[in-house]
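Got some structures for you, see below.
Below, subunit A partners subunit B and then partners subunit C, in two separate complexes.
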Partner chain A sequence: MSDIIVRVQGLSYTYMAGTPLAAMGLQDATLTLRQGEFAALIGAGGSGKSTLVSFLNGLLRPRQEGQVVVFGQDTASPTCDIISLRRYVGLVFQYPHHQFLEQHVGDDIAHGPRQLGLSREEIRERVRWAMEAVGLDFQDFVDRRTFSLSGGEMRRVALAGVLAMKPDLLVLDEATTGLDPRGRAQIHEVLHRLRADRGMTILLVSNDMDEVAELADRVTVLHEGKTVLAGPTREILGKETGLEGYGLAPPITTRVLHALRQADVPIAGTPLTRAEVEEAIWQAMRP
Partner chain B sequence: MASYEALRHVTIGRYIPGDTPIHRLDPRAKLFAFATLIGLVLVATSYASSVLLLGLVLSCVLMAQLPIGYLLSNIRPALPAIAILSLLQLLFYRAEPGAPLLLAWGKLHISFVAVRVVIVSLIRFLVLTFLISLLTNTTTTSSLTNGLESLLRPLSRLGLPGHEIALVGAVALRFVPILGEELESIAKAQDARSVDDRIGGRWQFVHNARRVAALIVPLFVDAYRRAEEMILAMRARCYHGGEGRTHLVTLTFSSRDYVALGLMGLSIILVLTVQQLSLP
Partner chain C sequence: MQYAGDPPWAPSDSSLTNRRLDQRLTETTEEHVTIHLPYGLASRRRKVFFCGVHMTSDPLIRAVDVHYTYDEGSHTVEALRGVDLCIDEGDFVALVGHNGSGKSTLAKCLNALLLPTQGDVWVKGQNTRHCSESALLEIRATVGMVFQHPENQFVATTVREEVAFGPENLGVPEPELHRRVECALQDVGLESVKGRNPHDLSTGQKSRLAIAGILAMEPECLILDESTAMLDPIARRNVLALLDDLHRRGLTLILITHSMEEAVLADRIVVLDEGRVALEGSPSRVFADHAVFDDLGLDLTVSAAIARGLQHRGLDLSGETILTQDDLVNALAKFARVRT
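What follows is the complex of A and B.
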């Protein structure tokens, strides 16, 4: 199928291979992403999520077992153009200040576009667009120093820096962890718009099942470096049981519905998002 | 392919779990033996004595079941510097006039003494690397700290803060792998944003210097933040220094440790004797 943009198969990876400190990172991980979808990668801490994500733009490349094909390029092949791959795959990491390369917000967001050899006007336009997309006021923030920002502002600048490259695939590695509810809602809003307006493919790596239930169409579950479940979000997160073996729990909506059903409230179908659940509860309560 | 495992070749300071006679030794015995062997390294200047010393240390490494190839990988990053130093030493070492020459070619004089100095220096370097790895790879940070503190205790009467010194050393050792992992994460996050294939060559000094600066700043920000968190955590647990502190694990010298110290004394005598006999 041509609409598959990422295909990871049977991927294994060992950290510090060949030393007494070798540690298993991935073991038989599989991941498929389709053009334009909003996918999520979930798993308990240490399950290999961040390691797997590092393969998507060639930060890590398969050495022993497994195959990683991104936008038709096999990243294990020596002829694979990793640099160009990084233009199409944008990675936003958990710690925003790790990815700052310049002192000032405007310069940092412009870092990517500048490398593309765009004109000054185009670069400025991209910075303006990226800042607007993440809800940062251009005039107010463009000359601030990156390290003087608050946590939530740093996240948004880091996201803007990646967005300014206009990637086709956006990967967020726990990019909302530790944000307050408002900051989180703002990032969600940004992701919604990017997908609706630009058809961007998004992979959300998260520990927050409520967030995943709300946003993602499809979920892949990693456990100890291995892909153990993959399918539509509703199938995987809509059930009360099945995740606890992997150190995860279903989202609050599923748990509420389960409790209601236990109390003999007739809930129809498998609602998952908050809006759906609210509607289902109204329906069930109506006399 | 770039490797992000910053500490892949740093074996010093990482505890490798094991259950060997070396692992089980009392940390004080190990520290004492470590200091003595370092002293011997400085004394042994002849071929015979330095090779003997290398042999002794190697047998300890084997006894501790540490992979020798892994310890040697420590040296790999330093190889160019070692090569240049050895060459300079070979060319410019001033032997006494009349010393037998290996090579005389125009103004170039290489004496046998110079060759010996170079080879013995290389052996010394190996011995030192093995020794440091031997100590830190077989001893946990906490027992190393306890041992050091216990050894420094007599000096506290002179006003030397033994506990604090040991703690500073332990914290520094403990932070090495943490900062290494952090550096890895920063390098990855920044590389993910670098998409220009025209830059990044070995000779682009300005670009490379800027890259180092971009790596260092977040690393320091994190290190300071960690230090502050640690201070807070220590205060929250009412840490007040070494005064009146007791230990969960009290160090006791067992017969094994006395045997080890005895062997240590034997090897001192052995190395010194060989050194005396082998010098012209």
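What follows is the complex of A and C.
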């Protein structure tokens, strides 16, 4: 199918292979992303989520088993153009301060666009746009030093730096962790807008099942380096049981519905998001 | 400050202090009575303080008019602008507020990692501003802090050594050291991995290891600065259960979090906004103040949000306090029963 932009198949990866410190990172991981979808990757700590997303922009390339094809390029191939791949795939990591390359916020966000050979005006415009998109006031923050930012501000700067590249696939590895609710809502809105306006594909790596339930259309579950479940969010997070074995728990909405049904309050359908659950309860209980 | 260095309960002639107390008294007396009564003895003590009379007993931590300003050379950032806060023994306080509201700065002031640029913090009656090197160590052992990325703090090559590091530095001698390490490991459920390298643990285990390292210093208060943010759901559940257990056994907890689901587990929520305490009280009280709550950009819990939505649609849940999943389910089940 032509709308598939990422296809990871049978991917295995061992950290420090061949040394006494060898540690399994992935074992038979599979991931498919379609153009314009909002997907999520979930799994317990150490299940290989961060390792898997590092393959999507060629930070890691298959050396042992498996195949990674991103925007038609096989990243294991010696002819794969990793530089161009990184223009299409933006990765925001969970440790934003590891990602800073410059001392000042403005320079750091401009770092990527500067590699694209854009004009000064275009670069400045992109920096301004990206900062606005993540809710950082341009005047206030452009000359701040990156090391003096609060945790939430660091996250925003890291995200702005990636957005300024205007990637086609945006991968957020726990990128909203540590943001306050307002900041999260702001980022969620930005994501929806980028998707609607630019057809951006988004892969969200998150430990927050409630966030995943609200945002993602499709979910892939990793467990000990292996893809164990993949499907529509409603099917995977809408069930009360089945996730504990993977170190996960269903979102609160699902737990509430389950408990209500246990208490003989009949709720119809398979609502998942807050709004859907509220509507379903209202339909069941309205006067 | 005129009263700097005085014990917190000493009568003070500082007009500033008296004015502040008067102001608080007139503005908030009623609120404090209603908010703090459920906490029993501890709250009664606090009330005495707010009435500006005498202190019968010393709170574990007291912050008075704490300011902190970061100097960045070209400009300054005022992180705290006059925080007053009392933490009593056995309290479980959730500290919430948006990014940059001063939560982490305040936490660092509470265990003397930072000294206020203005105002004072007393830990067990000791002003953090005027204390010897040994008193400072004692304060940091009394009020332990766990950060968001515990692995950045790990120094040892085995779990056991990692837990021993803190008390060893405090000069705890051998048989006692061994006992403390074993106890701490048992408390957090890591006995079985004590020979392993801390960096090989799962994220949930790392988090529990960081807590064990602090517990081995036998603190009276534990501050967790977004320590659960990076955890997967099951690991988070385990850490929260551990905290609940430690609290029941008398440990004072200050939980810094963005998660309202976590904040409602506390006895008291303190909301910081722009470096000041904007709202304080029991979870139900704080959530009940809709206007202020929304203004501060705080999230409701999922269950509270659903309840509020249902209420707006016309479902009468007005008699119920709904914060948690259980609250919501019980209220709706009751509603359904009454109707049939």
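A few comments on the model shown:
In the analysis below, the second predicted complex is superposed on the first by the 286 of 287 C-alpha atoms of A that agree within 3 Å, B and C clash if a C-alpha of one lies under 4 Å from a C-alpha of the other, contacts with A are read in each partner's own complex, and residues count from 1 in each chain.
We adopt the following convention: a contact is a pair of C-beta atoms (placed from the backbone, for glycine too) under 8 Å apart; a residue touches a chain by one contact, two chains touch by 3 or more.
Treat the numbers as computed from the prediction; the structure is a model and nothing was measured.
Subunit B and subunit C, once both complexes are superposed via subunit A, clash. In the superposition on chain A, contact of A:95 is made with both subunit B and subunit C.
One of subunit B and subunit C touches more residues of subunit A, and that partner is C.
Of the two partner chains, neither subunit B nor subunit C is touched by A:201. Of the two partner chains, neither subunit B nor subunit C is touched by A:233. Looking at the shared chain after the overlay, A:220 reaches neither subunit B nor subunit C.
In the superposition on chain A, A:186 contacts neither subunit B nor subunit C. Once chain A of one complex is fitted onto chain A of the other, the partner contacts of A:254 are absent, as it touches neither subunit B nor subunit C. When the shared chain is aligned, subunit B comes close enough to touch A:115, but subunit C does not. With both structures placed on the common chain, the touch criterion links A:51 to neither subunit B nor subunit C. When both complexes are overlaid on chain A, the residue A:61 reaches subunit B alone and has no touch with subunit C.
Subunit A uses residues 95 to touch subunit B in one structure and subunit C in the other. Residue ranges of subunit C in contact with subunit A, taken from their complex: 70, 72, 74, 77, 97-101, 104, 148-149, 200, 202-204, 226, 229-237, 258, 260-261, 297-299, 301-303, 305-306, 309-310, 313-315, 325-326, 328-329, 332-333, 335-336, 339.
Across the interface of their complex, subunit C is touched by residues 23, 43-46, 94-95, 143-145, 148, 150-153, 174, 177-183, 207, 209-210, 244, 247-249, 251-253, 255-256, 259-260, 263-265, 274-275, 277-278, 281-282, 285-287 of subunit A. Against subunit A, the residues of subunit B that register as touching in their complex are 1, 4-5, 8, 11, 14, 16, 66-67, 70, 73, 185-186, 188-197, 214, 217-218, 221.
Of all residues in subunit A, those touching subunit B in their complex are 15-16, 19-21, 54, 57, 59-61, 83-84, 86-87, 90-91, 93, 95, 97-101, 111-112, 115-116, 147, 161-162, 165.
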